[in-house]
Each structure stands twice: as C-alpha cells, then as structure tokens.
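Two complexes, one shared chain (chain A), two partners (chain B, chain C).
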Partner chain A sequence: MGEVLLEVKDLRTQFSTEHGIAPAVDGISFQLEKGKTLGIVGESGSGKSVTSLSIMRLLQEPAGRIAGGQILFKGEDLVKLSEKEMQNIRGAHISMIFQEPMTALNPVYTVGEQIAKVFMVRQKMKKKQARQKAIEMLALVGIPSPETRVDNYPHQLSGGMRQRVVIAIALACNPELLIADEPTTALDVTIQAQILELMKNLQKKLKTSMIMITHDLGIIYEMADEVLVMYCGQIVESGSMQEVFHHMLHPYTEGLMHSIPRLSDEAEELSTIEGIVPSLYELPKGCRFHPRCPYARKLCQTEEPELLEVSPGHCSRCHRYSDMWKEG
Partner chain B sequence: MEQEKLVQVKNLKKYYPVGGMGKKKVAKALDGVSFDIYAGETLGLVGESGCGKTTVGRAILRLISVTEGEIWFEDQNITNYSEKQMRPLRSQMQIIFQDPYGCLDPRKTVYDLIAAPLKLHGLKDREELRSRVLELMEEVGLRADYIDRYPHEFSGGQRQRIGIARAIAINPRLIVCDEPVSALDVSVQAQVINLIRKLQKEHGLTYLFISHDLRVIKHLCDRIVVMYLGTIVESGKKEDIYRTPAHPYTKALLSAVPEIGSDMGKTRTILQGDIPSPIDPPEGCRFHTRCPVATEKCAKEIPPCVDLGGGHFCCCHYCGNDSENIR
Partner chain C sequence: MSDPEIVAAYEAKWGLDQPLPVQYINYMKNLFQGDLGTSIRTKQPVLSDLAQYIPATFEMATFATLISIILGLLFGLLSAARHNKLPDHVLRVISLMGISIPAFWLSILCLYFFYLRLGIVPGSGRVSAEWLGASFPTGFLIFDAITYGEPDLLRDALSHLILPSFVLAASTMGILTRTVRSSMLEAMQQDYVRTARAKGLSEGRVLRHHVLKNGLIPSVTMFGLSYGSLLGGTVLVETIFSYPGIGLYAYKAASTLDFPAIMGTTLFIAAVNVLMNFFVDIIYALIDPRIRY
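Entry: the complex of A and B
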C-alpha cells in the first residue's frame, strides 16, 4: 500500500436553509494514495461536489459548514485551518478544476495574466518571468501557438481551450492533489476525449493525485483507480475500479450501470431505477435507497445499513450483506 | 415496400448574418442538408455543438425561416408557408425541448400547461378538458394529484414528462425531440427514454431525435444522420452506422465515447484541434482540418456523397470500395 496523501474521516457538511438543515454530506470516510485517482460518482444531490468543496474549504459560509469530521491532508487536518492558512494550501498543494470553464476564468484578464498571477502570488515571481512561465504552461496543456494565445481573453477561446487554460492554472504550482469536478461535462465528446487524454498524460508526468467527480460511469471506468458511489450524502459503495465495475454490490450501483444505454448493447428497454432521488430534507427512514430498491425488505425501512466491508477493500452500504438479512 | 415519407428536407441552407453593420459575413449554420424522415421511424440526428442539428429541427417545424432549400411535410411544400397556413399543420408536429426548466411557464399549473394545446386546437368543454388532461398525465406517468401544482414543485424528470404530455396532447404525427434527456440524471434519463419509446409504440409517432449522445441515439433510433459543421457526413441504418461506420468523423465520434468495460480508451483515435467556426468553414471537406486521414485532395474538393448500399451514405473522398488500400 502506498503513502496516503488524503484521508477523510466521517466528514459531515450541512447547509442551513429556509427549509431546515440539509445534510449534504453525511459521514463519509475515504483515503487517497499518492499518485492515484479516486473517482466519485453520483447523481445530482448526492453530495459529490459538496465533498470537493469541503476539502477545498470553499463552502459558502455561514450557510454551508463542516459540522464534523476530519480532512487529513498529509496528516494535517484542513478543517482546523484558518482561512489564511487555507489560502496557502489552495493552488499550491490542492487545486481544483471546475465544470464550467467560462465562469472559472475572469473575462476581463487575458489568460496569460491569469496563469501568471499564480506564479506571482505563490512563487513571488517578477511579471516578465511569470509571463514566460505562463507560456510554458500553455504549451504543456497543448494549446497551439502559446506565445500568441497568452494574450487572448477567455472569450476568444473555445470551450476545450478554456478548459485547458483552467487546467494550466490548476497545475501551475505542481499541486500534490488535483480535484476535478465534472471537468468535461460542458464539452463535446471529441473535445472531452482530448481533455481526458491530457489529464491522464499530465498526471503521469507530474505524479499528481486526483479526485475525479463525475456522473458519467464511463469516465470513471477510464480514469479511476478507486471508486466511491454516493447517494444522498453517503457512500453506498466503495472499492477498486475493477471490483466496483465487475462485482458491484449495491443495488444503486447496479441500477446506475444498467440504466446507461451502451454502444455495445442491443437491449430494447433500459432497466431503470424507479422513482426519484429523495429530498435531503425528507430523507427516507432506514436505508435511504429503500423506496427505489428492488430488493428492499421490511428491515430496510427501519434499520439504517452500515458501510460493510464485503470483500477486502470493497464496501457496500446494504443489508443484503449483513447477518440480519441472512436471518430473514 | 415503399415507405411513406413524412418529412423531406431538400438541400436546406440557413445562413445567419454576423459581424454587425457594414460587414457582410454569414455563419453557415446549415449548408445543403437533405434527408427524409419515414412515417413511424425514429431518425437520430447526431453531432457536436455548432453542427446545425438544432437548426434542422427548428427549420422543419418552421420555427425559423430558411435561406434556401425545401421542407416537405406529407405532400405539402411548407418552406414558405405563412403563420396562418402553418396553423392547421401545427397540430401534426410538436417539439420536446432540452431544458425542462426553461420551457414551462412558472406561473401556470400542470393543468393549464397541458390543457393549453388542447384549448388551442378547439377543445372547450371543461369536464372534457380535465379528463383529457388526467388521461395524458397518466400516460406520461404523472400522479393525478399533481394536477394543480406548479412547475417549480417538480424535479427535472417530472417536468420533462409535463413537456412530453403537452407534445402528445393533440395527437401529432411528428415530434422533434431536441436533446430531451441531456439535462437529466442517468437514472431519470432511462425512465424518460423508456417513456419516449413506449409512446411511439402506442401512438405510432414519428420522431426526429436530436442528441449529442451516441449512446442514447443508438438506443432509440432506427436510422441515423451524422452532422458536422452544417453538413451531413454520413447517414444510414443504425446497424450500419454503429457496426461499419465509413466516415472518419463518425469513427472518431464513436471511439471518443467513454464506455464501461471497453478498452477503447487505449486505442482511441483522438481528433486534434477544435471544431472550426461556421463563419469561415474550411474549404473542400469541412472535416479535413481535423481528419486523421486527410490528403491534399480533401483540402480542395468537396467530397461526393457515396452510396454504400442499403441506404448507407457517406460524404468522404475515401470511403468507396476502391479506397481500401489508402486506409
């Protein structure tokens, strides 16, 4: 087992709203080893993005806050850091790529200025040197003729190019951890293929660890070493990519896999997961998935299942693997 | 057997003026697109942003005017029909939009929303209206007690069901589905796809299904048209397009889809560069700037549309039988 870079222990993130308290992330724990990619998959409202915002400490306070748990980054608990201390972590040690490359960039600065800024702030470089470094970064992320592109404004670039710039900014200080939140969702499929390829190559080159958040199981399959499946703020299944995809344990994972139409599949009807994701304010009692679960029994309506290690390193939050189930 | 052609699109062109005053530039959103939609089938229109797929859908419904070319619906040339002439045809052709948030009036209840097309087409009796609305709601899988609720009380999938109920309310023949499931979560997406399919069987609907998602298109469509930058690059039966794609763009598009359980990722053809602007599209074959097998000829000559047999067409200089050695 490699060196653990990030360890999240029982993280709880809540949002207080006019409807009450929404437990967006409700007690999740996981580890990320150095150089590895962790894929987090889930639908809207599963808490996958809030997890990443919690790690970056970018929650909109005071509405959103970390209510409990630890985020240990190289042994240091990020939850306890002050905003100022956190600023030294962001960008330098942990970076983030957002979904929408247009809103992640500032429209009134050239892309060169935005990349150079990172070097000027983090590494106290002079303007000229920082600009030179910005050009190098643009070349690294595969932007053609970086010497001229450096003076472009974001609107002059295509969606794919902008996402490359965002990646350049994120990787500028060679962070140890890169969090990518749906980095290709806004892009066309041929451009998505380019960006995923770029991210894979850069990861190999720079040995960055990565958390890849997406709703697309196909992307997880290609990119991730380890997988977390989230539902209603909880982890419902976790394990290595091979294990989760080939020996899935949780009914929700099963449902997700079967509801995607595949290129290699000729089925007439897609199997679906009945119903919709419940609201965080009215979570079902017992197992959160039970109203939609084809296997649900009485037990599931009353008892909340725990995340059980079913086989080494492969966990599932489902009663079917508990002793209670076997007893009937 | 000769199938009925419900819609015929002939050499359709749509140019948008751009660049403001004085400059005479145009964006060629569509540049000579022709295809037929047979009654009862689902025709898939697939391509990336800016390929013109949405423009085609809107043009067929005459929601936008066209620069050149013809649109035939049943046996009428509707290309230059006035609003008034279109009126009786509107009940025959409907649309389901991508964004279930933007396309429903937030101040109207489900009843108002679904009853609106019925009222427009002459149903007046209140009792009858209500029972018809309830019938439609059941058909698309909405609970009857939702009838007086407002759109904001629903999830994306349920809103899309309302949109679908509106579209099928007046028994149209053709429904243009413009990315109807793209904004939905996967588990809900599957429900809506199954619904769209079920309704087709029950009502004998004809669909023009527009999507960027090759997985969804494969699942739903009988025939497929692949577009790139305002032109058709390949068209044919689903089996032909997915099993033996002929155009290098179709091949790249298929290989770019991240698939579970496939090792395609390792041998993927990744297209270089971006989609060019429709304002200044490349000369010759529009795809040549990104094509992995382009030659000098491709930069100069517009490729012919080659008939590969069985209704499979491909617009490429090198997709005929005699070109195997070049590949």
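Entry: the complex of A and C
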C-alpha cells in the first residue's frame, strides 16, 4: 500500500435551513493514496459535492458547517485549521475544478490575469513573470496560440476552453490533490472526452492525486482507481474500480449501472431506479435506500445497515451481506 | 378680462397668435440657432439667464453628487460586508429614510436645527451679504475663491453650500446605498468568487478584486438614472434655501407662467441628463469588458 495523502474520518457536514438541519454528509470515511484517483459517484443530493467543499473548507458558512470528524491531509487535520492557514492550503496544496465553466471565471478579468494572480499571490512573482507562467499554463492545458489567448476575457472563449482555463488555474501551483467536481457535466460529449484525456495526461505528468466527483459511471471507469458510491450522505459501497464494476454488491450501484443506456439495448424506454432520492429532512427509517430497493425486506425497514467489508477492501452498506439476512 | 387690444398686442409680441405647430417650428428654428427665447419675467434672453444661474446649480449638484457617491458607496459596502448584522440594519434604515423623507421637509428640518437652533451654518443664499456686490470672473465661487486665493470667500461659499447639498444628496445616497449593497451581495454568491477562494486568496482580496468590480456595474447605471432626479430636486431645495440657481429660476418661471424660461430650463435639465447617461455608458465599457461599442 502506498503513502496515504488524504484520510477522511467520520466526516459529518450539516446545513441548517428554515426546514431544519440537513445532514448532507453523514459520517463518511475514506483514504486516498498518493498519485491515485478516487471516484465519488452518486445522484444529485447524495452529498458528493458537499464532501469536496468540506475538504476545501469552502462551505457557505454559517448555514453549512462541519459538525464532526477529521480530514487528515498529510496527517494534518484540516477541520482544525484557521481560515488563514486554510488559505495557504487552498490552491497551493489542494485545488478544485468546478462544474460550471461558464460562471467559474470572473467576467471582468482576462484569463491570463486570473491564472497569473495565483502565481503572484502564492509564489510572490512579479507581474511580467506571472504572465509568462500563465502563458505556459495555457499551453500545458492545450489551448492553441496561448500568447494571444492570454489576453482574452472569459466570454471570448468556448465552454471547453474555459474549462481548460479553470484546470490551468487549479494546477498552477502544482497541487498534491486536485478535486474535480463534475468537471465535464456542462460540456458536450466530444469536449468531455478531450477534457478527461487532458486531466488524465496532466495527472500522470504532474503526479497529482485526484478526487473525481461525478454522477457518470463511465467517467469513473475511465479515470478512477478506487470508487465510493454515495447515497443520502452515506457511503453505500466502496472498493477498487475493478471490484465495484465487476462484483457490485449494493442494489443502488446495480441500479446506477442498469441506468446506463447501452447500444445493444432493444428496450424502447431507458431503465431507471424506481422512486426519488428522499429528502434529507425526512430520511426513511432503516436502510435509506429501502423504499427504492427491489430486494427490500422487513428487516430493511427497521434496521439501519452497517458498512460491511464483504471481501477484502470491498465494502457495502446492505443487509444482504449480514448475518441477520440469513436468519430472517 | 381686459382690453382685447392689449391682449392681441401681447399675443402678437410673443407669437401666441400663431397656430401651435407654427409656434413649435419657430421655437425649434430659434433653438437650433442657440436662441431659447426671451424670459417674460426677467425680459432677458433665457440663454443668458441660464448661463448666469448654471454655475451655482452646477456647484451644488457636484457637491451633492460627491456626498451621495462617497456616502452611498461607503454605506453600501459596509452594509454588504456586515450583511444582516447591526451596521447593516442601521444603514438600511438610514438609506430608507434618505429615499422616503421629502426634500422640502428635510430642508426645513435642517434649517431649523443647524441654522436657527445651532447657528452653525448660514440660512440662505449663496454668499454672505459682504460678498453680494462683488463680481466673480467665472461664476463658480469655489473655483474663483481658490484661483484668486480668497480663503474667506471659500469658507463662506462652502458653508452656504453644505446644507442644501446634503439635503439634495439624501435620496440619491439612499438609492445608491441600497443598489451597492444588493449588487455586492449578489456578486458574492457568484461561482467565480468561489473559484477565487479555491485559489487560496484571502477574504479581503476576494472582496476587493472579484466582488467589487462586478458589484459596481449596476451601481453605475443607478447613478446615471438618479442624477436626473437630483437636478429635479434642485427646484425645491434651491427655493427653500433661496439659492440663486437653475432650480430657483425654474420655480420663479413656473409661478409667473414665464413659459420661455420654463421650456428653457426643462430643455437644459433634459440635456444634462442625456449627457450624464452618455458618460455612464462610456464608463460601462471601461469597467465591463463584455460591453464594446
């Protein structure tokens, strides 16, 4: 086993709203080794984005806050750091790419200025030198004629180009960990493939560890070494990509897999997981997935399942692998 | 009413015996030759009347603009930075009062306290009696006082200017405070602000570089729009403070049915308003790169 870069232990993140307290992330734990890619997959509202914002400590306070747990980055607990100390981590050691390239860049500054800023603030570079580095970064993320593009404003670039700029900003200081929150969701399919290819190549080149957050299992299959499947703020299945894809354990993972349309499919309608994601304010008793689960029994309605290690390194939060299931 | 002959002669003299379209065409013809007609009340060309009063109003409007921009920006930024905390609540009440208190009432209130009760400012006019006979080269008192090195005149003119300017600025200041506050709060919610934080920028840097510039764009529009109402406000404020400017001139013209003067002032204020909004459009292009003409 390689060196652990990030270890999240029993992380709990809550949002207080007028409807009450929503446990958006409810006790998740995982590890990320150096140079590896962890894929987090789940539907909207499963808590995957909140997990990444918690690691970055970029939650909209005071509504959203980390209520418990530890986020150990190279052994240091990020939860305990002051805002000032956290600013030294962000951008330099942990960076983030966001979902919407259309709005993630500031419309009133050129892309060059926005990249150069990172060098000027982080590495105390002079303006001219930072601009040169910005051009290098644009070339690195595959933007043609970077010398002229550096003076473009975001509205002069296409969506794919902007996402490349966002990646350039994130990678500017060569961070050890890159968190990509649905980096290709807003892009069309051909551009998606290009951006994923780019991220894969850059990761290899710069030896960055990555957390890839997506609802698209195809992306996980392409990119990830390890997979976490999240549902209602909890991990329902975790394991290596190979294990999870070929020996999936949780009915929710099965559902996600069956929802992928296949070219060979004869069926007219797309298959989906029945029902909807429950509200975080009124989580079902017992297993949170039982109202939508084809295998659900009486036990699932009353007892909350534990995350069990079914085979080495492969865990599932489902009663079917517990002793109680065999008994009842 | 009276002798029809006199009436007919009067109407002929002012061109009122012509059909309305002809009167209009005549007015427009004269207008394009720089002739705004002759004031019935002062018997002077309206243009020279305006030229005489413009410096006074220009001084007051500039002063009021400075006050409203400085206070409006300051209050708005403070309000946004302390969103939903005590300073925000207090400033919101102040800006609401600025917008809703009628200028004539605020004028009288200010006169009562600062002039009658406290006696710290002069009550009315543009200068004190001792300067009344003096002639001023440009008519812009502050400018003249500075260029000719008359500190007494400067102090005197400023003390006359401060109270009416403040009253005039109140509503614009209120509107600006609210606009700056809401557009800053909106800008803070944008994705690019999160990107800036993710870069590791400090909170102050994020606010100064990423929120401020975007947040000021709507405020600039608001300022252009409210400048017109500021000029309109001079009619009331100048009348109450007996301040010899365009506003007082307009009031006197209106109350004596001096229609060439009324049209002249209206035209002037409209032209200034158009000009202001033209400048605002230029400023727009300077601060927002998405706008190019």
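Keep in mind that, in the parts below, the second predicted complex is superposed on the first by the 320 of 328 C-alpha atoms of A that agree within 3 Å, B and C clash if a C-alpha of one lies under 4 Å from a C-alpha of the other, contacts with A are read in each partner's own complex, and residues count from 1 in each chain.
Here, contacts are C-beta pairs under 8 Å (C-beta built on N, C-alpha and C of every residue); 3 or more make two chains touch, one makes a residue touch a chain.
All values reported here derive from a predicted model rather than from experimental measurement.
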After the alignment on chain A, I want to confirm one thing: do chain B and chain C clash, or do they fit together? fit
Quick one: is A:153 in contact with chain B, with chain C, with both, or with neither? Answer first, second, both or neither. second
After the superposition on A, what does A:255 contact: first (chain B), second (chain C), both or neither? first
For the superposed three-chain arrangement, angle chain B-chain A-chain C (C-alpha centres, nearest 10 degrees) equals 80
Per the contact definition in the header, classify A:227: touching chain B only (first), chain C only (second), both, or neither. neither
Which superposed partner A:107 touches (first chain B, second chain C, both, neither): second
By residue count, which of the two partners contacts chain A more extensively, chain B or chain C? B
Based on the superposed arrangement, let me know which partner A:190 touches: chain B (first), chain C (second), both, or neither? first
What is the contact status of A:117 with respect to chain B (first) and chain C (second): first, second, both, or neither? second
Could you state the shortest Cα distance, in Å, between chain B and chain C after the structures are superposed? 10
Intersected contact list for chain A, partners chain B and chain C none
Can you name the residues of chain C that touch chain A in the complex? 190-192, 194-203, 205, 209-210, 213-214, 287-290
Residue ranges of chain A touching chain B (in the complex, touch as defined): 43-44, 144, 158-161, 188-194, 196-197, 215-219, 221-222, 245, 255-257, 259-265, 267-273, 276-277
So in the complex, the part of chain A that touches chain C is made up of which residues? 56, 58, 83-84, 87-92, 95-96, 98, 100, 103-110, 117-118, 121-122, 153, 155, 166, 169-170
Counting only contacts in the complex, chain B reaches chain A at residues 48-49, 155, 157-158, 185-191, 193-194, 197, 212, 214-216, 218-219, 242, 252-262, 265, 268, 270-275, 290
